[in-house]
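Structure below; questions to follow.
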Amino acid sequence: MDYFALLAINGLVIGLIYALMAAGLTLIFSVLKVVNFGHGTLYMLGGYASYYAITYLGVPPPAGVVLAMVALFAFGVVFERLVLHPMYTNKVERKDEYAIIVTFGLTVLLLNLGIVVFGPFSKSPPPFLAGALIAGPLIITYDRLIAAIAAIVLLSALSWFLARTSLGQALDAVSQSRESAAVIGINPRRMYTVAFGLGSALAAGAGALIAPIFALSPNMGELPAVQAFIIIVLGGMGSVGGSIVGGILLGVVEGLGVGFFPDPNRALAYTEAFGALLLVFTLLVRPTGLFGRPHARLE
Amino acid sequence: MDEAEFFAADGLSKHFGGIIAVDGLSISLSRGELVGLIGPNGSGKTTTINMVAGALRPDEGTIRLRGVTMTGSPAHVFARGGVARTFQVPRLFRRMTVLENLIVPALSNPAARRAEAERRAGEVLSFLRLEHLTRSLARALSGGQQKLLELGRALMLRPSLLLLDEPFAGVHPQLLAQIMEHIGSLNAGGHTIIVVDHNIDAIRSLVRRTVVMAQGRKIADGPSEDVLRDPAVIRAYTGARDAH
Amino acid sequence: MDKGRRDFVRGAGLVGLGVAASGPFPSRAWAAEPIPLGWVGPLSPPGNYSGGQEMKWAVQLKADEINKAGGILDRPIEVFYEDTKGQPAEGSAAAVRLITQNHVAALFGEFHSSVALAEIDVAHKYGVPWIGTDVWADQITALHYPEVFRVSPANSLIYLKVANWIADRGFKHVAILAENSDFGQGGAKVVADIYKQRGVDHNVVTVELNQQDFTPALLRLMNASPRPDLLEMVVAGQAQYQIVKQACQLGFAPTAKTAMIGSSGLLQKEVWEVDGECAKNLLVVDVAMPKAHWNDQARAFVENFQKRYGRAPTGVAMEAYDTLGVLAAGIAKAGSTDGKAIIKALESIHYTGVHGSYSFSDKTDPPWAYHQFMDVPFMVIQYTEMNQTPEAAAILFPKDWATTDKILPEK
Amino acid sequence: MTRSHAVQAVLLIAALALPAWAGPYWVHVGAIAWYYALLASSWALLAGYAGQFSFAHVAFAALGGYASALLSLHFGIPPGIGVVAGIVLAMVAGALIGWLVLRLTGPYLALFTLALSEIFRLMLVAEQQLTRGSLGLQVPGWFGGESDRPYYYFGLSLLVAALLLMAGLLRTRVGLFLRAIRDDEGAARAAGVNTTLYKILVFVVTSGLAGLAGTYYGPFVGILTPSMVILPEMGLVIAMAVIGGIESLPGAAVGAVIVYGLSELTREYGQWRFVLLGLALILVQRFAQNGIFAVLERPLLRPPAVEAERGRG
């Protein structure tokens, strides 16, 4: 029993970090209607940004996380302005495809640039706090605990921001209807830029928090990106709350899946497949995701 | 087959989540009728058109065309069965030419030949006075021209029932007269037509029979002059307006 | 672009016109054309690019040394490096390019067995010698292509001995984490067969390397009944860091109750950066010789490598360094750059490199023994202190080299 | 139109003549490039013409390749029949997936096919008793001898045949309907087009061609590995089609040859090649959505079915 409690807690912690990454992806999707296929590399850049801030600028680890988020916010803003911008004009005929291609191109670009710039060898920033919390049979390392708590704080801050600040409400308005938002004086284009920047910052935060837990490598974002896709589909593509629930759900399902899978030899080999299958079935049953707003689709 | 039973929708209902969009609506048309369907925003007009065109499957109720039950068939079966439609905002094949837009519906009939389809497209274009645009891209057309082209595309199906969803919305007054004239002549030529619109004046001068919907239900159905004087209709409209 | 165009022109059959006459060492006055040699290995994903980079560095070092010492057959050597990305199609294209464009006398290198299998097909077709640096699949030499030699161990060669040692040490319940690759699965099979024979209870768990969170699987193993007394990783490269860290943080291994053993990926210094204290007491299968038994060449290599690249070389780098050494000796012995002559020379070669004395077996039983370097030095070491280099670690196996017979922490 | 045909004829003649003056290496590179050209052009039909932005295209190639190799290996079926079986299997799988994704559009479709492709890759890795996992499945070659010329010409003829087949299909009303579906699926249905049928049809055709590419690739390279299904491989195919012109089948094929050829020519730049590829992908999409050829020479290489631009001029 302890064993499954441990699996569930581990899943919960990992799920919260997934949720942080997915929340950024969701924010971008809900406002821009774009799936950011480059999200995994933004996560990777966040991890490295924090690493370099800690090791070369000598800032304490929590400040490294914040600096990484600020840096990637700026990066997101610039990318959105330079590359995604034409999407909102009539110059781009097929917006979905345009977005997939340019964000995917970003992945190819940054992953390989990462190898050139950061080098091929793994790096790891110092831990936030060494050691582990041991409560009876439960063991959880401080790094994971801190990452989970930081994820909760960031996710709460995001929810508060979206619900209580005027900028957040403007983002929400644009996500619901660009036209109506424009009518009440919100400039949707500005909101697109803000949303992409914030989404990038959240990915960076996730990367920076995970860096001391797992190591840094240029391709570290590949798997979490796929996980984040799964989560936002589970969470209904565009609902921040849904992506939090989806993240935790995925973390726990994967953890318990490995624990329960009958053939231990294959259990780990198929861990990723559990999530992918979850995505496939969710989309088949509900083409707009598990917790998606019911759409009065006309076709 | 009874003439009055040319087209019959019986007890149509449609829910979206918890919202009831259409609630037990029945309409029947006889051949060659021209009917207006009006109602305040959100009264379920477009949902009705979508069900009659086969784009939405009703939760309850049946749709019969010339005695054949169509309910549950996919939209393209409705289209080939003679139900043609236009959309509120024109939905053209934007990156295809005007000519190509028109021959798509014609060629959806497997027996049709391309040369024949192009000849008919030419006829439709001259009827709509769009011949000069034959080779233009659809997306290059003005808003009014797009409305006309969409009408033409519907005509290419040789429809026995034509569903026009807000043909007058956002149209220049001069073009409005032209569209009304086209609808009139199509009806005179034997087409059965349902026109959905907000423009009560246009509807009043165009159609003899009007159906009024409010909150998903039919609240009036009869000669236009009577219906538009009906206090229930006026209340539904003004009430809705006030609430706006 | 310039170089590319030159190659293209060369490929277009215009070599005879002397277009590509400029040599690779414009600053040195060599009387003769250099001998072209082709290195293949992963330098970008999805290949193991960090392993590939280390191999490439070691080869560059060796090539410079050979040229400084006068080259071979009075000619300098020129190594052409091709990135195979861990993709077989890239490997075969690279092999064809090196053979037909650069006219290399031999191919060597590689890290991934699947890519090696594509390359040796090409080498076999053209009759060009190929020497594998760090490819472990038995099948590579078991195909019995005359062109194919291997200085790295085959899976069966090492894991047979390691498994028997583990059984000898009295471990009773072994949990095997095997990576999802030819190396992992091949190694795990060898190990599991021995355990079956020796009556050691064992359990193989396959891991996908993209995975970063191994905690669920480790929890499952840790809570198995009985709890394993050894956690054995048949995993290459840096993925092991994660497993070590997570197993250690759970209090699973390496501990007094459960020891932990892994492969040469744990020899890179990053193990201390990532795992810290957790790497202490870790057992590692090190395909190398103990420092005390190093020859001068090995000491010089380690020093030069450290000086030039700012990091200590691992066993893989040593293998790569020796691969070029063996090849150069083979060419010298053959007295020619002809493929057949080099193969013949390699078959009877005795060459001393940093890893000991090289010769290639001509036996075909077991099948993988053909053209295999059978005396690959390897040992089982244990880190006993933080930031220890592999050379300073305690040696447990083989007996001749052992510095201790205690596995820490003691039960 | 005639001009574009002339350009295509010149390119074909150049391709036919290349082995006569280029060395064996470029013949080898060409033979691999045909694999990518088959994938890029059929993916352009699927994504560019029909608007089905699938990430599973390389998975179909692997399916065809593995199926034909395994059938020959385990049941001793002659390679020719194995190839046909592999292609048929890819078409059946294509029909199934085409049917499954009927309700999905845009990013949902992309994510769905990405997940399916990942599951398939993980199966190839995990079911190693059957597939030999990451070590790869060795496939016997079709042609003996040292030269790659037989593969070169065989692959080239497969590519030409596939392009002719697709162009022929697009010249019929099917091409018109596919473009109609891409522009507005609901309107196409309202115009009487059986969108279900044509969407499944385009998956069947393009999956079959991808399967064909896979059956050709295995014997040529000599080994099939799960790494042919990884996301970066799919990304490479997408980049090739986008750079060549996603709405032009010959453009996509030429794009594949150019991207692959350039990546070989610039090998000495190492990792920077892929940095440049990513940059090129973004820049082409940003500034030239119809591919670089459309910019360099508008009237050339235009797909036969898209007469639209001319009509406007």
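Should a chain be cited, it is by its letter among A, B, C and D, assigned in written order, with residues numbered from 1 in that chain.
By our rule, a residue touches a chain if its C-beta (ideal position, glycine included) is under 8 Å from a C-beta of that chain, and two chains touch if they have at least 3 such contacts.
The shown structure was predicted, so the numbers you read here are calculated from the model rather than taken from an experiment.
Counted as hops between touching chains, the shortest connection from chain A to chain D is 1.
Compared with chain C, the chain whose C-alpha mean position is the greatest distance off is B. For the pair chain B and chain C, the distance between mean C-alpha positions equals 73 Å.
Here the spacing of chain C and chain D, counted between their Cα centres, is 36 Å. Centre-to-centre separation between chain A and chain B, using Cα means, comes to 45 Å.
Shared contact sites, meaning residues of chain D that touch two or more other chains, fall at 122, 125-126, 186, 189, 232, 270-271, 274. The residues of chain C that reach two or more other chains are 43-45, 180, 206, 208, listed in rising order. Chain contacts: chain A has residues 93, 111-112, 115, 222, 266, 269-270, 272, 298-299 touching two or more partner chains. Within the complex formed with chain D, the chain A residues making contact are 29, 34-35, 37, 83, 86, 92-94, 96-102, 104-113, 115-116, 222, 226, 229-230, 233, 237, 266, 269-270, 272-273, 276-277, 279-280, 283-284, 287-288, 298-299.
Remark: chain C residues 1, 3-5, 7-8, 10-13, 43-46, 82-83, 86-89, 92-93, 96-97, 100-101, 113-114, 117-118, 121, 125-126, 137, 139, 180-182, 185-186, 206, 208 touch chain D in the complex. Put simply, chain A touches chain C in their complex at residues 2-3, 6-7, 10-11, 14, 111-112, 115, 120-124, 127, 130, 132, 134, 139, 141, 214-215, 217-220, 222-223, 254-259, 264-272.
For chain D in complex with chain C, the touching residues are 21-26, 28-29, 32, 122, 125-126, 128, 133-136, 138, 146, 148, 217, 221-225, 227-228, 230, 232, 264-268, 270-271, 274.
Within the complex formed with chain A, the residues of chain C that make contact are 43-45, 49-50, 52-53, 180, 203-208, 210-217, 219-220, 223, 238, 241-242, 249-251, 268, 270, 273-274, 276-277.
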